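Each of the next two complexes has chain A plus one more chain, namely chain B in the first and chain C in the second.
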Partner chain A sequence: MDENSSARLKRRLLGIVHRIGLFLAMLTICLPGLWIVLSSLRPTVEIMAKPPVWIPQEISFDAYVSMFSGIGKGGIPVIEYFRNSLIISVTSTIIAVAIGMAGGYAFARYRFRGKSSVFLGLMLTRTVPGIALSLPLFFLYVRLGIIDTHFGLILAYVALNVPFTIWLIDGFFRQVPKDLAEAAQIDGCTRWQAFWQVEFPLAGPGIASAAIFAFLTCWNEFALASQLTRSVSAKTLPVGLLDYTAEFTIDWRGMCALAVVMIIPALTLTYIVQKHLVGGLTSGAVKG
Partner chain B sequence: MKGFKPSAPFLLLLPAFIVLAAVVVVPLLLSLYSSFTPFRLTKPETFFVFVGLRNYLSILANTDFWWAFGRTVLLLTIALNLEMLLGLGLAMLVEKATRGQRILRTLMMFPMMFSPILVGFQFKFMFNDNIGLVNNALQSLGITQDAIPWLIEGHLAFIAISIAEIWSSTAIFAILILAGLLAMPKEPIEAARVDGCTPWQTFRYVTWPFVMPFAYIAMTIRSLDVARAYDIVKIMTDGGPAGRTELLWTLVARTAYSDGRMGMANAMAYFSILLSIAFTVYFFNKLAAARTQIGAEW
Partner chain C sequence: MATVSLKKLTKRYGNIGIVHGIDLDIADREFIALVGPSGCGKSTTLRMIAGLEEISAGSIEIGGRIVNDLPPRSRNISMVFQSYALYPHMTVRENLGFSLKIAGAAKEEMDRRVAEASAILGLDTLLDRRPSQLSGGQRQRVAMGRAIVRDPDVFLFDEPLSNLDAKLRTQMRTEIKKLHAKVQSTVIYVTHDQVEAMTLADRIVIMRDGHIEQVGTPDEVFRRPATRFVAGFIGSPPMNLHEATVDDGQLVFASGEKLPLPAQFKTNVATGDRVVFGLRPDDIYPTGHGISSGGVADVHQIELPITVTEPLGNETLVFVEFNGTDWVSRMLNPRPLRPGEPVFMSLDLSQAHLFAAETGKTLRS
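Entry: the complex of A and B
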């Protein structure tokens, strides 16, 4: 009896430690973001106050209003930046995932000569730092006349995303046992049907997670975008963020507001897709 | 059946090859060529002057370059190791949680949604010596009276940058390791427990070998993308104070776009490319080894 109760006590203590650890970790993760949201709603005087004002005295949406009220009123063309970001990210994600699915399937299901080297070669194209790649691309895009266009950035982002989309999707196809597709083929499916009706649904969550990664990479990319775009017609949100910094001053409040505008779509998208993300990975159907 | 019939994997990989050749390989050949010229943006005719290895030789003799190189390697070593450990810890904490796992997972991915440039701004704001959250908190709690010059003193700036970097990238490790933990069959763990393994032994010999490939996938994805530290540093300190946080990438950008010395910048860029390749090849080999260890087909 005594042993039982001490074991119970130990378990309860461990549970409490676990909760505290979890709370601290989540606090560290969330605090910077929450601080940005809070700062975007406070007047600049309060942000600059010394000694600091911890509890907001007044909440206002002025930063958002002035942000959307156009150039010259302390605003920047957020709507245009937002549109550019959305068009570029969505288009390049779709293309990259399509190419990645074909490539990932090739690596997961076929044997061919030099497989590892080809795979490594693909990855190595991704290792090229954005800033290093921007030097020749800048030069080429100026010559081809596609600098400062949606097309130019989409092209660059597809190339940026293809290698690790292939990487991830390959890994997820690998987790789907070959036997399932073979069984479907024995039951009369063509290889094409077996792919779409058996392997694709099972690898679906992995493909979704690859799409999230690709989308976030495009949505957040700065090194290439800052050199390959110049005007409102193609600048994306990360580049637009720089509009808030003058030579020596930074409009913290406006910047925080734009940061919130940038994060909301990413947050929404991730939340929608992430329920598919892990569910299919826990291989319930696959084991049977 | 006549003529050349390409194999299925070749056809499946062809779109990827075409895009990568057009956007990465060909431009890089161009930049390799221009690294042997004294090319300046302001003088287009210099593109056709060939100077051999002169750019490379002057880089090798440049102490600023070597400092930036060493600092970059140091930052990567510190950041990648801590991110791996913290990501593993975070994934295990979330995996153990019995309630609200979905919301925890979403929160866990939170930093990943932040653009590196946003992370830079955010931490620049928080580490601001005058109005930043960190100093305000330290002063309000009475830990220190002075404003700590986080981004103004060289070593502190390096620490601040590392913190920003780690905050932003731990999520990638956590989410992939968590995916590994969740995909893991429960039977081996139960068997180990029945056989009398301690929790540490269960972790070390059952869980870890299974999760390791996932951790190395995360590691490799990170090593593919190490240069995103450029965005963070660019915003937080822009290489300052007095070049104390200058990384390879900020140096390349400065040489290329501020000084307009494209030839020299391309030569430097090749060093940064080689560095990234070294990191990736290293982790790729680790991944292959980890996969063979758990008997996965490679």
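Entry: the complex of A and C
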């Protein structure tokens, strides 16, 4: 075998090993999701079986049917939870992104006193785990009378997300050359117009990804929501999962079914927005 | 079209002065080049005229109207950036028409003016492309087109050619010159490249450390530099500049070598004066290989050793040793020369320059 064919063979073998490696990695990442979907479709006996049953013997949508059957018939107020989750997540995402845009723009474009300290302070807030805040927040919210309300949770989530959105959006505005906004101002724009016509569309992918992250954080958040909400009028889907736990039993199938219901909107949203996340839009803006 | 007038224009960042009260009057339809080394304040001056930088003191008038505090959009200027600053999310057509769209122009008007500008610059076939699909030269043209479409009073160019390769730069330089002839507008052009300034401008403003060193036509700044800095900055290869002391009608250099004091300076200096002697490479050449300055020449002959030669085809740059350093001379109709070989050099002292050693100002009356 000459040098060239052995090199070719080596390259092919490496390619195959590479693909197997990637497949295993993907499998590890996807397996829990797949397991949840499968568990939502099969009887509890199969879910609890040891050793695990990998291929489901029978598939039924009973858990989904009973979820929507109403209280007393094995159902939970899933529509209400869904509505609460949606209102709280969407509102807090919009607010967090709006503040993030203003803050990120300021950090990217302006010089002001204490800029790095403020930025560092914002980042430090990320080091505090949400659960550590839940008890102080609980007492505070009780005093303020905003416990178990949409407003209370929105407020907490905005505070949770703002440092992150500022940090992410700041990075994206930094990538938009300053010259572009200046060129727009010379072309007749006000500062405000220059922002909306030129800088905003170019930082768009970054803002979209900040929005997704903020939305997913709110949508999936459990620790704070479980402390700050009590009733059907404010509980979100992750907290609603607890409805499947009774004193002595846990309805794993129902819980998995609700988890699937939770995942679908998040997955759809990410899918819709992902094509806008493609970077490299600014290439060609400046020099060559 | 408009005149531009800068009066005591100053820019400071905190305690650091960038531009120190410069005065400049630019005539209607004039092409002015601001030139100088990095950090001389030329770009800052341009940005102040554009309204992108606040002024610390002084005033700016465009067309007789003081615009000190007006935002860029109210100054009726357009600017071509060094980075081109094309909007990457818009096509060439949208880039060109952006200012008209913002101004709320009618669609027909927009199409007509975009078509006009693209015809001038040969962009017709590129109108539906995005900036990322264009070459450097094409982007540069779009940037100029965007400036033309606005039909501004004043065009501002901020080192527009410095991102292009040497060949394209020469080509675009010619295009800018043609463009100016066509649109007949006032142009302020910032560059650090003295060749660009010399070839394009009606008048050149040479800046240094936030001050104006000299304002003049390319010929004036080349032939009659007001300061030692201008003499060294304008011209390629640069002027040979050496300190000397005046002693009884002679210039005595540090090495002890002597040259006769050029006749035109005899009345302006006295024995003991410290001066800087300057002679352009064109005015020092191996005897028989220069340009005759036509009868009035005050040619001094001196034998000097050659250190290096740089053949350029039609001419050769010959480096000869004088006063312990290399002097560059331009040899026309070159013949082969060997390093170390002594040659008779002709120094045309009628073209020499003298500057005061302390102030750097010319001693020409």
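One rule holds in what follows: the second predicted complex is superposed on the first by the 263 of 288 C-alpha atoms of A that agree within 3 Å, B and C clash if a C-alpha of one lies under 4 Å from a C-alpha of the other, contacts with A are read in each partner's own complex, and residues count from 1 in each chain.
The rule is simple: a residue touches a chain if its C-beta (ideal position, glycine included) is under 8 Å from a C-beta of that chain, and two chains touch if they have at least 3 such contacts.
Predicted model only: the values in this text are computed from it and were never measured.
Asks: Regarding the shared-chain residue A:Leu180, is it in contact with chain B (first), chain C (second), both, or neither?
Replies: After superposition on chain A, A:Leu180 lies in contact with chain C alone.
Asks: So, does A:Leu202 touch the first partner chain B, the second partner chain C, both, or neither?
Replies: Second partner only, chain C.
Asks: Just to be sure I read the superposition right, which of the two partners does A:Cys189 touch: chain B = first, chain C = second, or both, or neither?
Replies: second
Asks: Contact-wise, after the overlay, does A:Leu34 reach chain B, chain C, both or neither (first, second, both, neither)?
Replies: neither
Asks: Is A:Leu140 contacted by the first partner chain B, the second partner chain C, both or neither?
Replies: The first partner, chain B, only.
Asks: Identify the partner contact of A:Ile20: answer first if only chain B is touched, second if only chain C is, both if each is, neither if none is.
Replies: A:Ile20 contacts neither chain B nor chain C.
Asks: For A:Val45 in the superposed arrangement: first (chain B), second (chain C), both or neither?
Replies: After superposition on chain A, A:Val45 lies in contact with neither partner.
Asks: Of chain B and chain C, which one contacts the greater number of residues in chain A?
Replies: Tallying touched residues of chain A, the top partner is B.
Asks: I'd like to check the shared interface: which positions of chain A are touched by both chain B and chain C across the two complexes?
Replies: Of chain A, residues 281-283, 287 contact chain B in one complex and chain C in the other.
Asks: Spell out the residues on chain B that touch chain A in their complex, using ranges where they run on.
Replies: Spelled out, the residues of chain B in touch with chain A are 7-10, 12-13, 15-16, 19-20, 22-25, 27-28, 30-31, 34, 89-90, 93-94, 96-97, 102, 104-118, 121-126, 130-131, 133, 136, 139-140, 167, 171, 178-179, 182-183, 185, 217, 220-221, 223-228, 230-231, 234, 249, 252-253, 256-257, 262, 265-266, 269-270, 272-273, 276-277, 279-281, 284, 288, 296-298.
Asks: Over in the complex, which chain C residues touch chain A? Could you list them?
Replies: It is residues 50-52, 71-73, 77-79, 81, 83-89, 98-99, 102-103, 130-136, 139, 146, 150, 163 of chain C that touch chain A.
Asks: Quick check on the complex: what are the chain A residues that touch chain C?
Replies: On the chain A side, the touching residues are 177, 179-180, 182-191, 193, 197-198, 201-202, 281-288.
Asks: Which residues of chain A touch chain B in their complex?
Replies: Per the touch definition, chain A meets chain B at residues 18, 21-22, 25-26, 28-30, 32-33, 35-36, 39, 47-52, 54, 98-100, 102-103, 105-107, 110, 112, 116, 118, 120, 122-133, 135-137, 139-140, 155-156, 158-160, 162-164, 166-168, 171, 174-175, 209, 213, 216-217, 219-223, 227, 237-238, 241, 250, 252, 255-256, 259, 262-263, 266-267, 270-271, 274-275, 277-278, 281-283, 287.
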